[in-house]
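Heads up: the structure comes next, in structure tokens.
Each chain gets a letter, A, B, C, D, E and F, in the order it is written, and its residues are counted from 1.
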């Protein structure tokens, strides 16, 4: 994150165009996630599941605008002289607050209106790009608590976890804070800040909210597999903005990140369905879609740090391992309903560690003249330094997020705001929490069993 | 709209790339709308509803190419020396006709092949970007006439209204005509030209075609709420092209428009579901999706003229008010089936007036050196001048569109071309107007109740 | 395809941004295709149909990375001094192999890291853009073999046909090989290399695998028409990347290709539903969607070579003719289930021949200073030269692909790997080949008729 | 105890429900069925292939009633579901040995 | 008046319809049901979790007929729906008190 | 031969299936139906328009049994499907003239 000094900005229309498009692509991922999760869910609570994603867009956009960006990307408050800290100071470091209505950066009188190389990108664009990351990270968590969370509890949790976990962790990883700066963890597009983060929180909430009635014996089969595939397709498409957009500019690294995203995802799709086959089952579309998501997760932190063959291999490995990891929840006896832990947490870890093993100077970013702080991987002659940094970073993110989610979740549950009653679970959250149902199920004509009366006194 | 003079063009690949992408994004909005509307409709006429959107793409693309662009963005025919007029003169103002096969602009021998600052964008790209606006504006109207319009009537109406309402209004607002130039109405991306325009026409058609059998007593519940959400998601994604693309170039204003689009939409989603809650109901996914669309509508005219906090507030207000406004149709006793009036007309008015209240010089566009004709809003020290211009502009668009739609609609109805018979309504327009049905409903095997015989004499 | 020499690269961020976006758009087409095909299929094998598309993404991405690009876009191995050949030599022509892990082009020490005018685009981006083409071409074939192919057979066929047909044909058309260079066939974005190619293979496979039980007497009606429309919408959106992206840079030709794509598709949608009407039926959404795809196919080879009015006309003609051509399969007695032959083969031929008839110097590309090898069309004063080249090219592609598919297909069928048993066909391939079902069909509660037991020994 | 079963046009369900309600019969079980009979179906066309839809959507209503009410109930159902057009459906009556209300275990008329 | 009810495999519906048609029985009411019995279901697996599908799709046919035709009709239905494999289903016969054609109010045999 | 028909709450199907299984009744035919009765439905609201869902999802089970088992079977079904809350449903018994197993042509008790 480069903040502008007093140089007149000349917008690079290519960089800026790419980052605008990337922002739109990352926004689309959250509706995509709503379909991925919604399709995996049973039909009687599909709208509740989708509402958790959609409401993240509504809520987190506003919070990010008014204080999230300021905390995550404001100037670091160091722990002491040499150690970077946990959170930004809510200003641009030139005495301009980012908070509240001051989020309106003065685009016509710098210093804080433009960023990037030669101040070629309006800071706004970077702010909105990062906004989309915060949105989807929160939305990802909802997969752990299918069919049993009160909507009000979800909203409160989302706001709280965003504030106490996402904002500081994003700062620590990308905003000049502890992990990225002092510890030297490398996370290009969010393997730890997004996926480990969300996965740990989802596991915590699955524990907090307990199991669905009947789990694990009963049938919780996906109600609409084409929706799962639609979600996977939109996620894949949007993820090019997520990963290659994270370079923020258009250069050789952008190209590498894009290629790696594609081949790792392809490899992971194959990896998942191969493991399905080996285990005696059949390759499935749910598997192919899940594998693709696992691959996207795993390549996220590493996409700019490895060569394409390494990315393809990472995908294959991550797809296969995540196919096995989704069984962990049965061992943990936690109803992480849609496998946020098995796919995002595990996949995120795999990707973060892969950097420590395979990161290569050939990618040109680690050791580029503008001063990479990172080291090559263990298998590429760089020793264990980077691997250890990766371990530390991922562990800190895991613990931080898990604890915040656990405490917040239990507090909300104790207040009676989070867990839906058993009848609501049985009859479906859509009717109970949202007063609607996803599909027409019984439609013998216009006039059956219903009378529409306008609200508002009509 | 800047037309080129005799300066050699040097394409700005960033600007042009952004406008190409924006055009594709706006195209995608119409299939998105088909899902938004289709999901809200009952299943027996969902294909009819979607066909009204899809056929707009087919029909309006061709009409725009051959004469729409020429009329809307051809050189203005002034009413008299000082007053800008209603329509363009179908030429580029340099003696080159835009009509018919001459829509082929000579890209290799200007003057009319390039536009934008320093002739950096091929005029073609601007033409096709504006084409997408015309398409979706026409498609929006179809929401008012669910389940009861003959398809031939729709096609004829679409062609007629496009010619008599859309083309002149687009000219008046954006093409150098009366509203944008003489009256000084500000409408960045189409609050009046698109949304008020379509909303007024939809109300007129709802009146012309009368109510559906059973309305309002009977149940017209959405047949597929995930489709509604899919539509909302695609619309949101595409709307970045609509709003931020309307700047046509990539600059600071583009960034502001993008950010405002995001936060206003988020705010409106929250506004709608908060009002649902306050009214004693529950927050719903149909509500969140509708709120998002209301926010997108309301920010459309204002996106480049206000600060982000103002956009977020506008969204909140528009979302809440539109949630109430959808009840107006019961007062008006008009079966505006999918609330084009309540969402697009009302939302469009809110956004247009917001400019008159909150437009700010800090947005940098109104008063930029290249000469803004607009004034700051009432609450920002600019007095009532701009507010009055907004009122005049929105009122003229409302009336023009309503009258054209009413007259055209009645004419088609009198000719027996527009209103479907009651049996068709009861059994569904899909079977009656399109000889198809949306879903497999009874599929006991390959060979039941059917024999497929190839057409074409086979 | 321009390969870099020893000039320092200066990335054009606009070109590169556009090509990155285009790559993402073309990737999205394959999930779009999965919906287009899936919706047209019956529900009991919809997942199988979608899996054939999704697995193409997984498989072909990897094969393209490791050898496909090298074969198709490696330096041509000429047949003799003056005749270009069938395949590339798997190197960049500067002694650098493209194979295997060497697909990692050295981005920081050219010569092969950058391409395009002034080496302004990283070769990686071009490689990944072309990867997306290979993916969708293979996926297209699957429409010919609905409801009856074993998944393992599909994978093996996909790998084989890709290697023996797609890679050499892409080389011959675009990579400096026989068709594009010696014969002088013009195919801007893949009318022959993609659509004729896939259509011929689909017909061959339909013959190899025989008819579905009950065909053609029984009912094979689309199980979800909105999915068909969703697919068509996503394909249309993505196709802007396919066609206008094929220029690779952002210039006047890009603009023309974009506009032509839009208006030809619109024209074809109208063409198809008009023919439906004329034939005594009704205009349908399946028809409008199919027409749009036919238009996209037909304009693909021609999009940069004709004027917009000509593109609109081409669309109208192609839409109408393909609406008739889908009956050919009944004459051929081949169960080309989803009309890959009738739409892609026929549409591809129409587009390729249209170039020979209507290609115009006004498009500025054929005869541009950088040396077009092509001739104007028969009706534009260029004589029959180009038409003959088009005929030759299309015929060679048709025959090559058909023969490869026929031989490969029969071999796999003989090995018992390709054709599913009749019971699998009757009960649905989803259950038999993938152990899953697309939709919840019977969900009386959590605990009915099922027990979920975690795999992996839990 | 009798079971009156009616197979009717979907749009008539509401009328039948009202008619039964008016008579004090306030329970029924309804399902979506497909009817085949004199009423002709319609044709659908997909890419030129014609499909005749022979099975038409109908609603089946099952109402358990006191056998003394049979004539009245049948009469009410028939008149409420009649549109006079082909395909209006059938109503038939079956004798039932026993009825139990699950919640209480009540039997016979008390179970209704 | 009798009611013949058949629960059969979905693919056999067409054959049954033809067989009944051939006998002059040209009306029936059909619905989609789930059958549970000797026939084993299949297994589905989603992310490693196995689901046994125990309820299999079947078609239920209800045909009202003249009681004189019972044997013939049962015979026809049975033979048309038989594939010889487990799960072919059941056919049963119930006595009906009365039938009415909604459209005309005709009763008994005239109602068919 | 008797036919026991039960209309119950969807969640109870599994319990009924187990109960029948335990008694040696291992076949049944099940369908999704909508019930109308004392049990109140819920309200849905779309854009301010309220819809009362009056027809609630129920499961219909049809089991053919030996008439000697009627009481036992009815008892088992009733107790397995009872939750004690309104809307638990009804169970009724009809006499059947004849049953045939399609696969073998067996009749009567052998057909079960």
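By our rule, a residue touches a chain if its C-beta (ideal position, glycine included) is under 8 Å from a C-beta of that chain, and two chains touch if they have at least 3 such contacts.
Owing to the predicted nature of the structure, the values given are computational and were not obtained by experimental measurement.
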Touching subunit A and subunit D alike are B, C, E, F
Higher-contact pair (C-beta pairs counted), B-D versus A-E
B-D
Length of the line joining the C-alpha centres of subunit A and subunit C, rounded to whole Å:
33
Here the gap between subunit C and subunit E, centre to centre from mean Cα coordinates and rounded to Å, is 46
Centroid spacing, where centroids are CA-atom means, of subunit B and subunit F in whole angstrom
52
Set of subunit B residues in contact with two or more other chains
12-15, 17, 21, 216, 219-222, 224, 230, 279, 281-282, 284, 286, 327, 426, 435-437, 442-443, 445-456
What parts of subunit E, by residue number, touch at least two of the other chains?
11, 17, 30-32, 34, 36, 44-46, 48-49, 51, 55, 57, 94-95
Would you tell me which residues of subunit C are touching subunit B in their complex?
12-15, 17-18, 21, 25, 42-44, 212-214, 216-226, 229-230, 232-234, 236-237, 240-241, 244, 249-252, 254-256, 258-259, 262-263, 265-267, 269-270, 273, 279, 281-286, 288-289, 291-292, 307-309, 312, 324, 327, 329-331, 362, 364, 426
Flag every residue of subunit A that touches subunit E in the complex, lowest number first.
216, 219-222, 276, 279, 281-282, 284, 286-287, 290, 323, 326-327, 339, 342
List the residues on subunit F that touch subunit A in their complex, please.
11, 34, 36, 41-46, 48-55, 57
Considering the complex alone, what residue numbers of subunit B touch subunit D?
426-427, 431, 435-437, 441-442, 448-456
Which residues of subunit D touch subunit C in their complex?
44-49, 51
